[in-house]
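Let me give you the structure first, and then I'll get to my questions.
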Amino acid sequence: MTDHIIDPSVVEAENAKLSTDLRNDYDSLGERLDRRGISIDAIKNKVAAFNIAVPSWGVGTGGTRFARFPGKGEPRDIFDKIEDCAVISQLTQATNTVSLHIPWDRADPNRLKQAASRFGLGFDAINSNTFADEKGKLQSYKYGSLSAADAATRQQAIEHNLECIDIGKTIGSKALTVWIGDGSNFPGQVNFARQFEHYLDSMKTVYSALPDDWRIFTEHKMYEPAFYSTVVQDWGTNYLIAKELGDKAYCLVDLGHHAPNVNIEMIVSRLAQFGKLGGFHFNDSKYGDDDLDAGSIDPFRLFLVFNELVDVESRDADFRPAHMLDQSHNVTDPIESLMLSASDVQRSYAQALLVNRNELSAAQDANDVLTAAQHLRVAYRTDVEPILAMSRFEKGGAIDLLATYRASAYRAQVAQIRPEVAVGSSGIV
Amino acid sequence: MTDHIIDPSVVEAENAKLSTDLRNDYDSLGERLDRRGISIDAIKNKVAAFNIAVPSWGVGTGGTRFARFPGKGEPRDIFDKIEDCAVISQLTQATNTVSLHIPWDRADPNRLKQAASRFGLGFDAINSNTFADEKGKLQSYKYGSLSAADAATRQQAIEHNLECIDIGKTIGSKALTVWIGDGSNFPGQVNFARQFEHYLDSMKTVYSALPDDWRIFTEHKMYEPAFYSTVVQDWGTNYLIAKELGDKAYCLVDLGHHAPNVNIEMIVSRLAQFGKLGGFHFNDSKYGDDDLDAGSIDPFRLFLVFNELVDVESRDADFRPAHMLDQSHNVTDPIESLMLSASDVQRSYAQALLVNRNELSAAQDANDVLTAAQHLRVAYRTDVEPILAMSRFEKGGAIDLLATYRASAYRAQVAQIRPEVAVGSSGIV
Amino acid sequence: MTDHIIDPSVVEAENAKLSTDLRNDYDSLGERLDRRGISIDAIKNKVAAFNIAVPSWGVGTGGTRFARFPGKGEPRDIFDKIEDCAVISQLTQATNTVSLHIPWDRADPNRLKQAASRFGLGFDAINSNTFADEKGKLQSYKYGSLSAADAATRQQAIEHNLECIDIGKTIGSKALTVWIGDGSNFPGQVNFARQFEHYLDSMKTVYSALPDDWRIFTEHKMYEPAFYSTVVQDWGTNYLIAKELGDKAYCLVDLGHHAPNVNIEMIVSRLAQFGKLGGFHFNDSKYGDDDLDAGSIDPFRLFLVFNELVDVESRDADFRPAHMLDQSHNVTDPIESLMLSASDVQRSYAQALLVNRNELSAAQDANDVLTAAQHLRVAYRTDVEPILAMSRFEKGGAIDLLATYRASAYRAQVAQIRPEVAVGSSGIV
Amino acid sequence: MTDHIIDPSVVEAENAKLSTDLRNDYDSLGERLDRRGISIDAIKNKVAAFNIAVPSWGVGTGGTRFARFPGKGEPRDIFDKIEDCAVISQLTQATNTVSLHIPWDRADPNRLKQAASRFGLGFDAINSNTFADEKGKLQSYKYGSLSAADAATRQQAIEHNLECIDIGKTIGSKALTVWIGDGSNFPGQVNFARQFEHYLDSMKTVYSALPDDWRIFTEHKMYEPAFYSTVVQDWGTNYLIAKELGDKAYCLVDLGHHAPNVNIEMIVSRLAQFGKLGGFHFNDSKYGDDDLDAGSIDPFRLFLVFNELVDVESRDADFRPAHMLDQSHNVTDPIESLMLSASDVQRSYAQALLVNRNELSAAQDANDVLTAAQHLRVAYRTDVEPILAMSRFEKGGAIDLLATYRASAYRAQVAQIRPEVAVGSSGIV
């Protein structure tokens, strides 16, 4: 039996206020979709089966190099974080896995497993970290980790990844996600080719330790923390890596890791077409890797990504990309942001499911450009909130995520237990 | 014997004014380089052996969708263009090949060959054009060419490329360059995967007609003329194409075809490392595919590209990327711009040759970041003009390109023969 | 009495198929909005009163410097264009003004007025053109127009603007829109300060000829056709111009004329706050000045622009920005694109009207970030199509724009009268 | 008498190795410049008179939100920082002022003054900080500071700026620099107009406390730490602020704070033309506010900025912009980076001084585009290192900055006194 952190009676009371209207809205939307030849229940069932992982580090307040402004009741450790994730899962009914980050979440793996399963949570991909130094380690990653010029540094980074695999085996992860910050800040600082060779060599060693039923995800990013060049700078390099490593290697796409103006949905299509799309780190951004809430800046782009995913799904029944949120919540309650973001990712999925792919194909083949475009536009502007809410409601979640969470007073409760975080006198700059 | 368009006595007279100063400057620079362990003559010899192709279309005044402002003496046809190219070659002694564009330059191939060889010119890669419709062709490329949904349109585009190969065989080209504008202007207009499949299928047919000693170059570009998506949008897709096609397929890098902020020199390194760097279309840009004169906006970037090329060259004696200018001269005399640009490309090459690669490697391996960076900076800020000028001077070219060309009054002379181009009453917009 | 180009019986027949569903959808949406305290009829009335001007040049097929692919039935002159605009106005009931471009639309002004009024159309701002040369003019704008170094060129450009004002007076325009392409392609080509002084001096002369009840709109653009610098490059310079000129001078915002990532809605707010927001050229873009259909790439951005406009409107009853579409239709029937774009601009307006501004302010003042954000999100994801369609229906327009237009066979009819446009053998490049 | 931190005998010994070559190189360059009608000594004298301020925070190792990797001998407090700045000043002879940041550098102002004057250092503009919370303050800047919705928060931010003015008065500053991070992370989070009104109101209070002989500098930045909107987002808003505040208010330009592709030198020109250019924060960047070493990524851009400054200087003898470095040194010894950066800023100034402005103007007025462009290119590619080195040498600085600093073993010496900084177990993310 799964423990509930939020008292179910709170959820029920909030839902009771809204369920009649929800039923009406759902039926009314159902009729309109019916006219378009779509079964609302079929969409709802697909939405109900959709899961997105929550990153453990996402439940703490984020910040920038200039400052961090902690909130009330910040989680003290991974066990507090798991409780916060359980709240998100309980109310959204869409996030039943957690993604860990080592060393931030280092703890007895068996205890981790136990803590999560109490709330019906499992573990998604495990994330290694060689972009920051860890106390007690001999080598520094100041000049790189898996791609460093120094062999001992590379070895330490390799061993850290092996340790992550070991932890993951115990807790039930089935994938290792590797994102590194290696690059350079000056033209001439590194030799691009030699640095990439080092990286590939290191990764081959990590890959060889991967269990048979695991996947390894590599994540590209244009810049930051390196500001002149980055080893895994774009999907082209990411693809080369996945090809060099082998069949268990896949590319991870973070929506905020691209150059300005880049057509991300097309990258999604290319990687899927060539069998190397592993999954996503969802968030939104306007400028760089802003790590804002998914769908908050350019919701149409998120829809277009899902339009690709549903397109692949419609041709390949085995297509199973990993979905994870990866956001930094600097000015909101992280639990609130993560709930709404999980819902907004589902929203894009639901909207993409509304596209009639046969008709779309026909319009495309006939060069009837506007008709094709309208297929997407009409699907996108359908307000599918009743579908999302009904899915949550039927599974025991909250019709209104924000209202229910606030009614629960969870944040105030944990703020009494978890001590206030002191203000740092400065950021990093 | 090679015909000279500019009377050699004009060149001699101009050179005579400058040769003493040039000798002094060359010697003085030689002494300073000597102190750094560099033989100036060795650098000069490499510069002298460097060739860059001139695009036939570059000698006409360019324009934008808003307007074109023709200059005096615009070339009327490919034979006028070849004469203009001969002037550039004579004065720069660095551009002894011309790159043709079909159908713009369609003419009797044997006559083309004759016209060029008279001036000692050969032909570089031949360029196909399926981004505009040609009078008399049945199918339109409005909705794509090699990747069009319509099979007859694809077939016509394939056949055009086969025709280009045939022309190229006669005139002595050894490569086909394929750049297409195919893409889409609306989300939903095309299915990315299906469109790319069409493209690959078409290209495989073209590839199969390629002579054994030829290469095929594909060129990526982020956008324009398509404004939502482009089939060959970046080096990642370009690499996939070259892999799918085979050993004779290589990627062409145009410096203006990338997303904002992208590290182009790193793309150069990646493509070279994986054996798929075919060559370059040199130009410069600040915003998009501005097609400005090479090195006019960001000369350090051009140097960094050559730093990669010299680095590969130092490890691989067989490395032979194709160099071509690809610029649009809207406000200058195209001959003047092309001469200076050829010289500026040589300049970057010469500067890159000054880098002591052993010392650079040592600094990189020692994580002595600033020393490594300074190796590039010191090479870059060396004024190598005396090396370039001496190379030209010794080969019969002009010490001062602009002054000599202007002294020749070539433009005024052809303006008397070539009729004024009427002002278009409007651009395309 | 207004002439109708599309037979009203066609419109009625198409509407008859959809009116029952529309009524149901309108009522159902009305109930849902009622729950949020919003009167659907009030929104509809505001939408019905909304007008957006159509640019005369928008009804012809556009193109790029690479090629133009004309469609069937291209308008031959301004009188054909006015007929196309009349179709758009008849079906959308949202575009009862046309914006002319001189010299493209030069004709007897009285005949122009007559031709338009026959269809109930008026004229919006008149646009001058000094970015292309006109046959028969002595000076060329190759090196600039209103800001040219050459005084005679500046004078010619000034006189052209004065002529535009004269034409405008006759046809009933109340504003002159000045967009120029002046700038430079090379660092050093111009002296920025001197060039801007020239521009301001020229514009002061134009401004002094402006009738008392007119406004003058200046439009900024980052780049293209100039590729290193542009005289009126951003809103900062645009604001300086409007301040220097005087109270009748305002800034025009084209959504595609900004640097990558720029927050356009904030520029809208700043210009409005300081009394200098004149109006808009609506379109959409992903890369540069792509001139794609409004709302087709980033519909949320269009909504956020209208969120600002409605915010100003709610505080300033006299706020009357000029709305115009400015798009280039390269792959669609321009009439179809313009109809849908007018509708999508209305859509954003309608959605912005749904925001409860008092509650939004309260959330903002309480730093309840997510609640504030949700106010916008919920408004934006409301499918207001029934409101737009009902407004059209009640005014005699088409419920389904695309279906009705296609049912009318207008394009096929004019294609029989208007001759096929020959394929240009090349673009400009 | 000024104390020297580096034993002058070390400097002398290093200089002795190089002075003969320097003299030769200087003379040889002098001859070449003479041919161009330029007096090398005149240039050198201007370079010698050039000063650039060093930011106190620049001498500590920087970092990103992901990690910070401290170096050896990190300064413990402002007094250590002043000593590091003294080293830079001694060797470069170009940086005799320090710019403080409050609260980071809070200390007894009289002791600060004494500490600096011992090394012949003065204080440049003082910087306030309301982008991070300070221990012991009642209000948090999480949701803004000078523009916050909350009045008490704004008041606290105002008072902090007043305190900075007070400190500055004692230590001899003549300017206050205000950069804030205020903005928003979500559409809807703030009302742009109201937020800007709050900002202006707060700043007017600060401005009113400014001594008569002070200036106030406001600095714009596109994004970071706010990721959807920023109050002072660009030069347009910055200009509005300076106008609203009054004659003592000026705009500060940081080279890394602009949108991608923006023409920064043109912004410099506009602000200068309208009397509002206050000064610079020099650094370089490829992607965002990367804070890399000045001139390390795009040295031509730095030259073009100085080309504008020298142009203004040539027309306005009273033009005195404030120059400061503002960089983040993540992978280099900050002292080394700051020395080289100061030198690279001087380099751009020296190169810009080589431009013959009369000839440039003539070419511009004649629309001789390439000649105009070549004036800049030839000046830029002149290797002026002998001028910079001679200036340093004659003033007692180091001919070879890096070699001399390393020979002094300063870093190793302070590393014995200053304790190692512990590795943070995580960044902020």
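Labels for the chains are A, B, C and D, by order of writing; each one numbers its residues from 1.
The criterion applied here is as follows: a residue touches a chain if its C-beta (ideal position, glycine included) is under 8 Å from a C-beta of that chain, and two chains touch if they have at least 3 such contacts.
Quantities reported herein were computed from a predicted structural model and do not represent experimental measurements.
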Q | Chain separated most widely from chain A, comparing mean CA positions | A | B
(Q) Looking at chain pairs B-D and C-D, which one is connected by more C-beta pairs in contact? (A) C-D
Q | Rounded Å distance, chain C centre to chain D centre (Cα mean) | A | 43
Q | Separation of chain B from chain D, taking each centre as the mean of its C-alpha atoms, in whole Å | A | 39
Q. Which chain B residues reach two or more other chains?
A. 142-143, 184-187, 189, 222-223, 228, 260-261, 263, 286-287, 296-297, 300, 331-332, 367, 369-370, 373-374, 377
Q) For chain C, which residues are in contact with chain B within the complex? A) 57, 62-69, 103-104, 131-135, 140-143, 181, 184-187, 189, 222-225, 227-228, 260, 285-288, 290-293, 296-297, 328, 330-332, 422-429
(Q) Considering only the defined contacts, which chain D positions touch chain B in the complex? (A) 21, 25, 28, 32, 35, 260-261, 263, 286-287, 296-301, 331-333, 336-337, 340, 347, 369-371, 373-374, 377, 380-383, 385, 402
(Q) So in the complex, the part of chain B that touches chain A is made up of which residues? (A) 142-143, 149-150, 184-194, 196-197, 222-223, 228-229, 233-237, 239-240, 258-263, 265-267, 269-270, 272-274, 300, 304, 307-308, 311-312, 360-361, 364-367, 369-370, 372-377
